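For clarity, chains are labelled A, B, C and D in written order, and residue numbers in each chain start from 1.
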Amino acid sequence: MSKVFGIIRHMAGNTFGKLFRVTTAGVSHGPGYLCIIDGCPAGLALSVDDLLPDLRRRKPGQSKLTTQRDEDDLPEIWSGIFEDKTDGTPIGISFRNGDQRSNDYGDIKDKYRPGHADYTFDAKFGFRDYRGGGRSSARETICRVAAGAVAKKLLAIHGIRILGYVKQVGSVIANIPDPTAVTLEQVEASPTRCPEPVAAQAMYDLIDATRKDRDSIGGICELVAVGVPPGLGEPVFDKLKADLGKALLSIPAVTAFEYGNGFAVATMRGSENNDIYRTDFRTETNRHGGMLGGISSGMPIVCRVAIKPTSSIPRAQKTIDRDGNATEILVKGRHDPCLLPRFVPMGEAMIALVLVDHLMHAKTSKI
Amino acid sequence: MSKVFGIIRHMAGNTFGKLFRVTTAGVSHGPGYLCIIDGCPAGLALSVDDLLPDLRRRKPGQSKLTTQRDEDDLPEIWSGIFEDKTDGTPIGISFRNGDQRSNDYGDIKDKYRPGHADYTFDAKFGFRDYRGGGRSSARETICRVAAGAVAKKLLAIHGIRILGYVKQVGSVIANIPDPTAVTLEQVEASPTRCPEPVAAQAMYDLIDATRKDRDSIGGICELVAVGVPPGLGEPVFDKLKADLGKALLSIPAVTAFEYGNGFAVATMRGSENNDIYRTDFRTETNRHGGMLGGISSGMPIVCRVAIKPTSSIPRAQKTIDRDGNATEILVKGRHDPCLLPRFVPMGEAMIALVLVDHLMHAKTSKI
Amino acid sequence: MSKVFGIIRHMAGNTFGKLFRVTTAGVSHGPGYLCIIDGCPAGLALSVDDLLPDLRRRKPGQSKLTTQRDEDDLPEIWSGIFEDKTDGTPIGISFRNGDQRSNDYGDIKDKYRPGHADYTFDAKFGFRDYRGGGRSSARETICRVAAGAVAKKLLAIHGIRILGYVKQVGSVIANIPDPTAVTLEQVEASPTRCPEPVAAQAMYDLIDATRKDRDSIGGICELVAVGVPPGLGEPVFDKLKADLGKALLSIPAVTAFEYGNGFAVATMRGSENNDIYRTDFRTETNRHGGMLGGISSGMPIVCRVAIKPTSSIPRAQKTIDRDGNATEILVKGRHDPCLLPRFVPMGEAMIALVLVDHLMHAKTSKI
Amino acid sequence: MSKVFGIIRHMAGNTFGKLFRVTTAGVSHGPGYLCIIDGCPAGLALSVDDLLPDLRRRKPGQSKLTTQRDEDDLPEIWSGIFEDKTDGTPIGISFRNGDQRSNDYGDIKDKYRPGHADYTFDAKFGFRDYRGGGRSSARETICRVAAGAVAKKLLAIHGIRILGYVKQVGSVIANIPDPTAVTLEQVEASPTRCPEPVAAQAMYDLIDATRKDRDSIGGICELVAVGVPPGLGEPVFDKLKADLGKALLSIPAVTAFEYGNGFAVATMRGSENNDIYRTDFRTETNRHGGMLGGISSGMPIVCRVAIKPTSSIPRAQKTIDRDGNATEILVKGRHDPCLLPRFVPMGEAMIALVLVDHLMHAKTSKI
């Protein structure tokens, strides 16, 4: 092993944000997760109940589209709240891991699951927690969703609302003419979290068929933030587009990010891609996705991310073990056949964390 | 104005990286630019000559595809080098602005150029340097390219090579079957920086026709890093994919980022998207673009970014002035009809900065 | 209130370190404390047992010199350890608050305790947790001491040992001719943590007499680090002396920091203060306290901090309430008459955190 | 050499501050210095003239008490100012090194100057700029003083004023009954920068006598900030006292820091050290030096630092060379016999940088 794996020094990478700063710890098959939110202003009414709605949207077992792993996902708040309001000190939250069934993962102890981080964790740290995804498990996003719920509540006070939905699964693409008109109710109406009913049904059928076929399927999530004031984003490196990109790409399984016209700009001319200002300082179109020069323009922020098909599929795959021997692996466990539905609250949370961090640099704080 | 523009507090956003840290200052129509590179190891042979090749690739006026603005772009090194080697102290570099012709920009003083950051800078800071793009000008990337040249030299010692090229302009898409086989010579053979000659010629013709049509055109740049050891990237927020995404999205005009299969994962199944390990710890395919779990896998890193068509086009466009009155604007200046050719060294530089920062956390430093 | 207290925005200040990074949350009278240690290398043998010795040294109720508040102070480790070794992921630790008796503090709800942070927290956040010291309570150092124990274990692998002791209480000054010769056993032999028996007894008597007199007394703690390799410390701002000063001054009640000759340099001449090198690259004397130019010299690091007398004294004091009315306060609670004995592990912990952070930048890592 | 000096990895340590962020580059005998100030709010009237007064106070050659090295010390501003006001983009400043006389330093090429950072730089980086102090030279503070002048101007808008003065040289101690009553005129009236005329004369005589005796002498500088609003400072690590301590200890030759009663608390009782509140929320006395719980109280901030006697003394000293051979060294160059007079603006600058950074987190920004 040692001759192969030389790099074991690493740096602290488990904190996100500068002024609104989230730090997380925990792995999927250990005792649980800790989350510390530092920098939340004092005076915000907050309780566990504020965290539950998004945590429930992220929770497994919501439908047959999602893994049946049964997690309580109940947060305990250790600090940061006094007499039902934030007190300006760091908010500490924990989640106990319950239903672990770690023996489901026994086969992966010495084998590298294709598409997973098993090999790269070994390469980085010299060994890894073979009981499951360890630190690379998307279960860590439970902390992000909780922190995002706090951020969303702060943003709501400033009139900023964030909503995501499933735009595409496989070849099924929802037709959403106005991303800013989508409502939370529409999104939550389907277990697919696609707000367009016809596409939602087609996605449902596709995911279910894929599941029965012992395979998985990818897709695209679109995320919208309305009410963002102009002026957020820091030239030249901490542009809002750059921070949003980093935030969303830090979520497991995300392989691509675009905003506004995104990749479609490649085939466009300037005369087609420029948005024209109206006399109310807004633009007639929103090809720029709400950001110009990396600074919010006051128009809705619209972006999209691609989520790859779940790497764990319930069929035998060729792979190697830690010694480099060819072998086969059959990943048991319980895995979503499509990550998209549960991704939506994760994506919203990361956007909320970025926006609240940038908003805290702005002058007009209401809290 | 004051009732419209409320946000004027901001935060320092002009530093990139943690251990290899680049800070830049300067605007397009002021005296010049300063760049400080902090954290470069001592002992690296370095002189101005190491910076010139990439600076020349970034320089305007290389062909009729690029702006004819004539800049010397000659760096002066103020510190950080002693007896031809880096001495471990910060490397200070300056660039004088020469040919400014600021009267070219007189018309934009009170009008917002469509697609530019004029309005958002006003919204953020309360006013802006109306002589040109100011801090949002891509001329700032001169600092990044210089710093990237230092980073590239460090990476080369560790066997890491970075190369970018133009993959697509408008509807012209180059066929590059093996991104890792492209050479610098192939890239530099055409003023388009497309390594595939037939596509290069088609791109050239398209850009030239677009220019004559007083318009601009977008495109896609593909970037490849080979020799990256497995283990770079920090879970859970500072993943390599997240840091690369942020780095590239911080460059002006970039609207999208993807790596590996990127957005194409949306229509893929897990059985199609997973890469299978070979017994030498590499994978048969590289759909994962060299990163799994946000950590480098040892396979080549392959990513793509979209660059929008130049917002400045030499034709009258409808817009408003700072008071919200409807008007027309004709942006004179000198602007590239397509940003792609000059983007290549900028993209390479940002990848180099990310990789060297992550590499410095790793154990096996040769310097 | 609102006209008096205008500043309520604040920034995240609960993280310490760059590569070895500690984040804490919790208040004295809430459910408990959370601590996340990010950046600890993988492969370090670690269990709760490694944390207990220093936690016990910090624990209240060790003798009649310290507060009788009875805390379990038992850590629970949530993450970061796999099969008895650190796994490179963040180490999450929690401490439940047990014996709180918050009604002891009822009198302070609306009154400002002299010498405490009651008023300044109100001024900063608009209100505060009036049940006790809240976030300003030294109980937060339980997290630092736990994190420091991990840092000490890493440092020990590299041959670095840290030891503190009580140098002075009131006018009683211990005579310690060679700070590097003091042993942990000598320090722990007396509840005063003064290693010199005659002075220790005099300190004990002084503290006890002060306690009986319903007052408190200050003192000086000296801290020594041996085995520190030359070369730690980053010019020009992150000098080792600067980071040590910040670390120690961040502990409650510390009002002064000096290293080497410290304030005594004021009356010295260069010819008296310079240390002369021996041919083994060490110096004949150690007036420079192990740091030159803010970089470790390889000589022992020797520094001292002053700790003020406990602000809470069991006697009536004049003060005001939140509305500015003159009143009297009698702080009940249970408080150490002298903070020095329990300070020693806190000071050691902060030095350990600084040294391990700087050591992680150095090349010669053994883990 | 290589077997002795193993540590050559290091980290970027040349940036100070979070929201108001200063980065410097340059060495004493290279082309010059660069300084980038990032995060200064837009709209502050600023020109070179604002920097000159403090730069002149820092300048060598002001009297026979200071080194006769003749430096122009004229800053050039490269960016960040537009139409005489800051524009919100980073402020770039350069200083050319003029009168270098590097041959004065020839003798130190291979010898370690006692008290200097020669050996520790070699140990850290593997080699060093032997032409002078290199990066450890106090000439770097020219950047800090320039940045401090900008910070001071921002602070003045918020009613905050910073003033330092020489409190002690050798055994001569100035009697300053009320630190807040000292004026800039009183400080500048004597080349010693001691505002008390009798002590100033005694200091002058002592420094002059020491100089003639080919030696140097240390001292204490006291620094005062008035008008600081209550509420600045971030629990638990980024306390104001901790950040001030770090800032001042990062200046060359500073060996100790204290605020309020400082080291004198060691012999005090709680009943003597606590300050009593008046009904106007101020305290009758200011033993706490304007900070409680590490947060500003609204009372004047009063702190003191010790500055060691200049290590370079114009007499032969025993030392070793880089190979460890015993030798003698006679440091020629031109050096202040006492660093205190020129230290005053450096200390003020660092306090200004800390206060403006903390103030920018506060709600009530006037710019």
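What we mean here is this: contacts are C-beta pairs under 8 Å (C-beta built on N, C-alpha and C of every residue); 3 or more make two chains touch, one makes a residue touch a chain.
Quantities reported herein were computed from a predicted structural model and do not represent experimental measurements.
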For chain A and chain D, chains touching each: B, C
Farthest-lying chain, centroid of Cα atoms versus that of chain B: C
Centroid spacing, where centroids are CA-atom means, of chain B and chain C in whole angstrom: 46
Distance from the mean Cα position of chain C to that of chain A, given in whole angstrom: 38
Chain centre separation (chain A, chain B; CA means) in Å: 26
Contacts with 2+ other chains: residues of chain D: 8-15, 18-19, 24, 89, 121, 124, 135, 235, 361, 363, 365
Complex contacts: residues of chain B adjacent to chain A: 4-16, 18-19, 24, 112, 114-117, 119-121, 123-124, 135-136, 140, 168-171, 210, 215-220, 229-239, 241-243, 245-247, 249-250, 252, 254-281, 288-289, 291-298, 306-313, 315, 317-320, 324-326, 361-364
Complex interface listing, chain D residues touching chain B: 8-15, 17-21, 23-27, 30-34, 36, 38-39, 41-43, 76-80, 82, 85, 87-92, 94, 121, 124-129, 134-135, 360, 365, 367
